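Just below sit the structures, each encoded as structure tokens.
Heads up, the next two complexes both have chain A, just with different partners, chain B and then chain C.
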Partner chain A sequence: MLTDAQDLKPGFPDPVPDAQWAFRGILHAMSYPGRITQAGLALTPPRSLDQAAAAIGLSLFDFDTPLWFDRPAVLAEATNFFQFHCGSPSVATPGEARFAIVSDAAQLITLEVFDRGTDEAPDRSATLIIQVPEITEQAEGVTLSGPGIKEPLSLCIDGLSTDFWRQRRALQSLFPRGIDIVFTAGSRFIGLPRTTLVET
Partner chain B sequence: MATSEDFGSTEFGDRRHWMGLFAKTDVGDLEQGWANLSDRPEYKFLRAPETGLVMIRGRAGGTGQAFNMGETTVTRCAVKLANGSTGHAYVAGRNRRHAELAAVFDGLMQCKDYRLMLDGALLAPIERKLVSRRQQAAAKTAATKVDFFTLVRGEDEC
Partner chain C sequence: MDTISQSPDNFHAASGSYNFAYLDEQTKRMIRRALLKAITIPGYQVPFGGREMPLSYGWGTGGIQVTASVIGPEDILKVIDQGADDTTNAVSIRSFFAKTTGVETTTETAEATLIQTRHRIPETPLREDQVIVYQVPIPEPLRWLEPRETETRKMHGLAEYGGMHVRLYEDITRYGKIATSYDYPVIVNGRYLMRPSPIPKFDNPKMDQNPALQLFGAGREKRIYAVPPYTSVKSLDFEDHPFEIQTWDQDCAICGSTDSFLDEVITDDAGGRMFVCSDTDYCGQRMAAHDASDETETNQ
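Moving on, here comes the complex of A and B:
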């Protein structure tokens, strides 16, 4: 107890307005899939965690949301961070997690292991927070369309495995079940809810 | 130290002991102790003081099934001192400054140098005060003790 708390980083400097601001950003990102949103907060994230991922976690996680980390050793500080500030337990099985934090998307095990909810309760599915090196708006990337997107838009998301988009497309037919994804790169993030159609 | 707060001398026991003292004493004692400190370290909040509710559980007669007795207001705080140690505090009531200072002193007590100094200068007087307060309350309560007994009513003899 005396040692493992040494690396703890403070949470939001001003918890209520900062959490509201971050929550507003998440709403924005999820309502306009693919639109790059700034977390823009004075927040020092734990080691190996993006600032945006830390802000999203601090505003959404609580004791009811088991977390799964793709690389527990690398993300040990983040695990402590969310346990301390949000009271979130971490689980070893991805299927039990409400939120998953993925720091190395290229090595991500298949999307099929995550909870997609049920037809009666599709909201009880997992949300993935995937950290990537860079997100850029450019024509040669994937094309997104669907609710919240007026004109199909193209994005290039670095660091994903080649199979990722195929797996994501396979989930589209399951609607209303599915998995919501947030990609973060530093303080920038985009939402990729289950309603968005992806073409590569 | 013949108080009920004495949990032994393991590392956690000691810490539990001083955290209890800092939480139960008056905030004035901690302010005084902080003012008397010659070398006041910088610190920042890991968790700024925040007030919430905690369920108190009890056992009827001290031995029965645990039941929820009621909720109490608790203010908690966590600080990180410049020297790297982390202090935590949970204090009954809504006094944020009390929680802050209790957390700072918890952090200081984990450093050997401060601990040697604070043990005599701050901890001992607080403990004396709390023990005497407890004894006073116990004496006051004991004076109101009522023994119930039944007189022989002589029913058997009729």
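Moving on, here comes the complex of A and C:
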């Protein structure tokens, strides 16, 4: 279901180094959860896709990673973008997705629908890329601690449903099962692996 | 804010007919996804589609695949084998990456951004902007207790690690102490039992709360695992037999270090021997500093 060629936005200008560089950004963000990382690649992704989300997708997605989009109509261009550049199939059931692109976290259906892996194979779990309006470091926000975090840090992530953090905390007791999240806001992003403990 | 800068100029320059860092892009993506899951589940062994590398298993094929998936043109690579930069394994891996990536290489721990290691952790403390990659021969800590993968998987799932404590206890009943001196089992983040690879137990405390990201690659067994920065790594022990590291009666015969891991070197066939730092860069840095201060004194 590809649209016209002129609707299709370009991928990485130089795929090998760009994919490596984008990956190092994600590796850094997941290693040091909550630290705001900059995806500095000059991409022109589809309008519905954040710079950071596009860079992460282009560096990690391929035919092995079924994708799920929370709003297929809004994200149609993004769906085509990843299908063309990465060859990733999109799935209608969130439980079948390796990666999920969420563009409106306020309306996000429960986190329970995503694959959390099993106790014996917790790596077979979904990673969520949640696009939010803004991520800021401030004391009034949620407090993060756990592996990769030397001193607990506080962040404010806009655009989440009121129930989001309660659902996220409920997953903590399931460790090693769980889901890993990347929040993106434009070209800025942070990692929130399942090990990160969240206090509201 | 953390910004990672990029200069892809040497990306295409040195690799010649190879893809950058040898591996094809699909393989790198698969390994990169495995690395990310490994970080989110500290100490858990993620299976990956290990590739045939142009050297035999046992020569660091797992570590090489991890390094190849992480390395970029801005990295400065250091490779050590038992602490030394100038042994066969280290030299050949370093030249492999010099040839296939064109990155700068170094022997100085402080200068490196990426360190691949066989069986040691450098004495110089690591920093946040460094990544260390361990070569792992056998990733499964429970393998000698339970040969079946299906069972060890279940044991990890249930955190059923009593057998390992029994093994260490049997050491105590037989020898009066825990005799395991390398590849000493650890618990990561209070959950997973992990083999730290055959590093001496002397190095185990360095893994705990380390600011650097630690990645582990096992090529033959096709497993990747990780210890994220600032993560608890605890060596197994008992209240009445606490974990202890090796100590020596001697100081390093070259630099006089009293706190580094020493190798015994046989010097003749009449029982002559000496103890020297296993970390050649650390020993060399100390000697250089020593020489420099000597020179200052002479000048005065």
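Convention: the second predicted complex is superposed on the first by the 194 of 200 C-alpha atoms of A that agree within 3 Å, B and C clash if a C-alpha of one lies under 4 Å from a C-alpha of the other, contacts with A are read in each partner's own complex, and residues count from 1 in each chain.
One rule holds for everything that comes next: contacts are C-beta pairs under 8 Å (C-beta built on N, C-alpha and C of every residue); 3 or more make two chains touch, one makes a residue touch a chain.
Remember, predicted model here, so these are calculated numbers, not experimental data.
In the overlay built on the shared chain, the residue A:85 is in contact with chain B alone; chain C does not reach it.
Contacts of A:32 after superposition on the shared chain: chain C is touched, whereas chain B is not. With both structures placed on the common chain, the touch criterion links A:15 to chain B and to chain C. Legend: residue contacts after superposition of the two complexes on their common chain; A:119 is shown touching chain C, with no touch to chain B.
Chain A has more of its residues touched by C than by the other of chain B and chain C. Of the two partner chains placed around the shared chain by superposition, chain C is the only one that A:59 touches, whereas chain B remains out of contact. In the superposition on chain A, the residues of chain A contacted by chain B and by chain C overlap at 15.
On chain C, the positions that touch chain A within their shared complex are 1-6, 8, 11, 19-20, 25-26, 28-30, 32-42, 44, 46-47, 69-73, 128, 131, 153-154, 156-158, 189, 191-192, 211, 213, 228-232.
Contacts from chain A toward chain C in the complex involve residues 14-21, 23-28, 30-32, 35-38, 40-41, 59-62, 64-65, 118-123, 125, 127, 147-150, 175-176, 178, 180, 188, 193-195.
On chain A, the positions that touch chain B within their shared complex are 1-2, 5-6, 8-11, 15, 84-85. Within the complex, the chain B residues that touch chain A are 11-12, 44-48, 50, 78, 80, 84-86, 110.
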